[in-house]
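Shared chain: subunit A. Partners: subunit B in the first complex, subunit C in the second.
Up next is the complex of A and B:
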């Protein structure tokens, strides 16, 4: 917490306490403004790019979802067949939106916490160009029939290399910022961001190398595929989102993180246990038992970092839940943090063999994935955007009601999606496990729930359109001049 | 935390331990299978794929069959796969040694395909099913893959590989529907999927109790 405290004067002088614009606090304000200015261009580009892919990814998702309800829908052209649109959705939202917004927020947090201006920001534009070109090439390749059908790694190698180059540039920039940081305490968010930017390139490079560039025998590809697939979530999206929550919650409510020691325990237990996750995706498959069991144990042990972080965030919030009424950032962040606890505990339970046997091949897993990547990660990123963008464009959000609509459509949409996919998945799973029930019946059980999933998807898409409009309006400096942040309600 | 060497070493070592355990170890354990060779006939199991079937595997990947179909038969104690008749035994790692990329799959919106070549040995069935899934399998939500076929005017004799259509998709008189090259490759691949039809010493047959 000390790093945050250092950003403010440690002990306010009498003058500070009387007049907020005394020299000491002005100095820090000017410093923060200079950091924001140095990052304005690149971070806004990354956020804009991410929102573009979020919209496109939502469109792919809707098409794929409706295809499950009406198999003939848009079925005559090869490039819109279900098996191509679905991975197009996953990669558009996973890389185009998810990885890109994680880079934007990670970079901004790193600069703010290291208290340095970014140097040679021009290279970040190059990273932006490379990354987005890579994602675009990859999505077009998938639609064009060159996808690999290796989940989470569908981009053909030529696209993956470009994506990797863009990502590596950002990661290097984050590490360089860290090296030039102002002396002092290194805050918990910085540990997570540093680790995430180190882990992800290694994960991505290993997986692509082992599966496509110098391919190993197919039986090894399964474990590597799911080690990557699960750890892209666990060692990249999760640490970035946790770093964000660790920053935003104390910032908005104005008090330090509850416990430094819980932060340490949470970080190291995540690093140690999450990295061993993933093999539970292979339970029952043609793989040795030791491999799967090692991962199952690690999945169960994930309860440690999750509960630790949950307690830490909760006790930071205690007494300030009122602030959820007015702060957009806090509302999204706390919703996300709660989904983190929920989806992680659910994930641990899904690694238990007897549970997994039922849920493994069903829509239950899809529900879990959306609770994690949307309910947790994406919601926290939304919260961060609501905090960061006004500081970059020097303009407040034009409309509180747009933010309110965005929040409720997203929150209700993703909750509904999670609930219907979970229930539908359980029906499907129990039917699949009973050989007296015909296979077709198992799909029929899920079908009604898949209709409801499409409806929840419409809500999410609407939320994204509203969010994108809000972003466009703030870039254009639309609305009236506001002297204070746009709040959802009057602070108590 | 201000001990940077500790932080950086920890970030490296935690990750490296998992890399050793979940990438390097599987490679040592599962990465160097050799086929089982019969002493008398010199036949190899699992048998190699034909060139056409290997091409078909890329069509399988290009069209994302994996998002609904798995290719793995779980053992008796881990699921109802054997009881559903999806194979005579569980699949084991060596069954996949001939695949360039293995499509184990994580979803069963459609049935498992490990042994689809043995369960549906007729090419004609596969063509009809790909062209009009709901006609062959009522209530299925599989999309039609009409783009793997072409409709062409019959000139002279009808083609030998024209597929027999059923209503409501019958070709108009004078026209026929034939699979494209990709369509034929895909079906060749599907017909070659007989992963647990041959014996391997590490995978004895299991009989589900009725």
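Up next is the complex of A and C:
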């Protein structure tokens, strides 16, 4: 460590940090603990902020869910009506939780894999402040009736600009870390993270630009909306979660990924096929047939990266499934990886016109969305947090029981939600297709399933409260000192 | 009628394709697509080598199931 300290300049300038050619200091190989120390404050802030929005988003979700059964519930306040609470939930969990935790985990992974300390962390605090201020302004605007009604882009432009500025700062910092990386092979997770941090600001800026700032003709706004909406899932949340799984699974069990060839194939096929997928949301709409057909074909082609990734994760785990008993990180990550395969294959099937004809406009789609964003993305992020935070705070999680409760409530909650929404959605869809059944009757078919959805939502909310409690306790260094904290490389 | 937004869309999509192709070219040129199986081991090092588990429930040694008495803190 002393040698490292000597090799490191006392105080690098901002220019030094942006251009690697201006400094010799990066020739040293940073120790993991030093890397963790350099990221501690910003990453913990992002994780804390994400958990705050997860809790708030869960509250919005519960209110919206109960309203599906009891429409008058909290109906006297305009800001708590379904049309506002539902997009508030979507944006709170999508941006406040999802994008923010993706930034936290992405930054940590990038620093680890590049073996580089993060400099000028103050700018990351600024990014944290900007991003959360933007989300807060956006959520308040939605609740205040100023939402745009464009799904996934409900934030008014003045809030979206602040969100974009915050995210762009983090993305720039990730690119700088990549530039400064130690020489050698670029691990597949780095490709995924780098691509995600490039894709998301590009998607978000373009969609906001052509829908709100310089609006294209109304007929073109639909394709732009779903080009953004679907790509935000597939070109941002998905690569971040896959990057995490490709790091965590081999790292936790101590075994290299089964086939690195397949992992590289999975990345490049995702990069080339996914961006065409969004138009399958518009099947049956007034759009050129070629546009929809190209998207359907690309959606089916997604089977290639999904199967390669699924096979890779499975064969990496073969012979190590016992590890699920002793690793909290692995439990969440493997559950998420399984949901990735399931939700992606389900998504491909839903792009087939005959299937889409039944499932479109039903709760089946909502079940699919929760399987992807929660079962896959969120569960893998939970796993990553259980791995990262002890290394950042140099303290062990306070309670194994809390972790177990968190896992089982989340796993059972999201599984139940997926199953009941899928079955209820199919009932609803077949009824909608039957001209002898009225629309009202078709919606009534889903009522019992919506109650079960609310109950599963309560389980998920309880899981989030337990998780937030664990996070608060570890920050406070609660509990007794462990003989050996979770595999920390304690700084010398 | 000329609409600048279509030009913007064309440039945005074109830039993305160019970026993807550049990234692929860069990866190939710098040898990132060669010797892939060795690349899978870059996440391991002398402190956390292949074969060493790196996670566990609180109170347990890596690679072991915690005893009941270790499962929670007082």
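As a working rule, the second predicted complex is superposed on the first by the 453 of 492 C-alpha atoms of A that agree within 3 Å, B and C clash if a C-alpha of one lies under 4 Å from a C-alpha of the other, contacts with A are read in each partner's own complex, and residues count from 1 in each chain.
In this section, contacts are C-beta pairs under 8 Å (C-beta built on N, C-alpha and C of every residue); 3 or more make two chains touch, one makes a residue touch a chain.
The shown structure was predicted, so the numbers you read here are calculated from the model rather than taken from an experiment.
Because the two structures share subunit A, they can be overlaid on it, and in that overlay subunit B clashes with subunit C.
Residue contacts after overlaying the shared chain place A:247 against subunit C, while subunit B stays out of touching range. Of the two partner chains placed around the shared chain by superposition, neither subunit B nor subunit C is touched by A:423.
When the shared chain is aligned, no partner comes close enough to touch A:66: not subunit B, not subunit C.
When the two complexes are overlaid on their common chain A, residue A:111 makes contact with neither subunit B nor subunit C.
In the superposition on chain A, contact is made by A:87 with subunit B only, not with subunit C. Residue contacts after overlaying the shared chain place A:39 against neither subunit B nor subunit C.
Set against each other, subunit B and subunit C touch different numbers of residues in subunit A, with B touching more. Once chain A of one complex is fitted onto chain A of the other, the partner contacts of A:271 extend to both subunit B and subunit C.
In the superposed model, A:351 lies in contact with neither subunit B nor subunit C.
When the two complexes are overlaid on their common chain A, residue A:288 makes contact with subunit B while staying clear of subunit C. In the three-chain model built by superposing on chain A, subunit C overlaps with subunit B at stretch 8-16, while the rest of 8-16, 44-52, 62-70 or 116-124 show no clash.
The residues of subunit A shared by its contacts with subunit B and with subunit C are 185-186, 188, 191, 195, 198, 202, 206, 210, 215-217, 224, 264, 268, 271-272, 275. The touching residues of subunit C, counted against subunit A in their complex, run 3-6, 8-9, 12, 15-16, 19-20, 23-24, 27, 32-33, 35-44, 47-66, 70-74. Within the complex, the subunit B residues that touch subunit A are 1-2, 4, 7-8, 10-12, 14-15, 17-19, 21-23, 25-27, 29-33, 60-68, 70, 72, 74-75, 78-80, 83-84, 90-111, 133-134, 137-147, 208. Across the complex, subunit B is touched by residues 67-68, 71-72, 75-78, 81-84, 86-87, 145-151, 185-186, 188, 191, 194-195, 198-199, 202, 206, 210-211, 215-224, 227, 231, 235, 264, 268, 271-272, 275-276, 278-279, 281-288, 291, 294-295, 353, 357, 360-363, 365, 432-435, 439-440, 442-444, 446-447 of subunit A.
On the subunit A side of its complex with subunit C, the touching residues are 32, 113, 184-188, 191, 195, 198, 202, 206, 209-210, 214-217, 224, 247, 250-257, 260-261, 263-264, 268, 271-272, 275, 323, 325-330, 386-387, 396-401, 403-404, 478-480, 482, 484, 486-487, 489.
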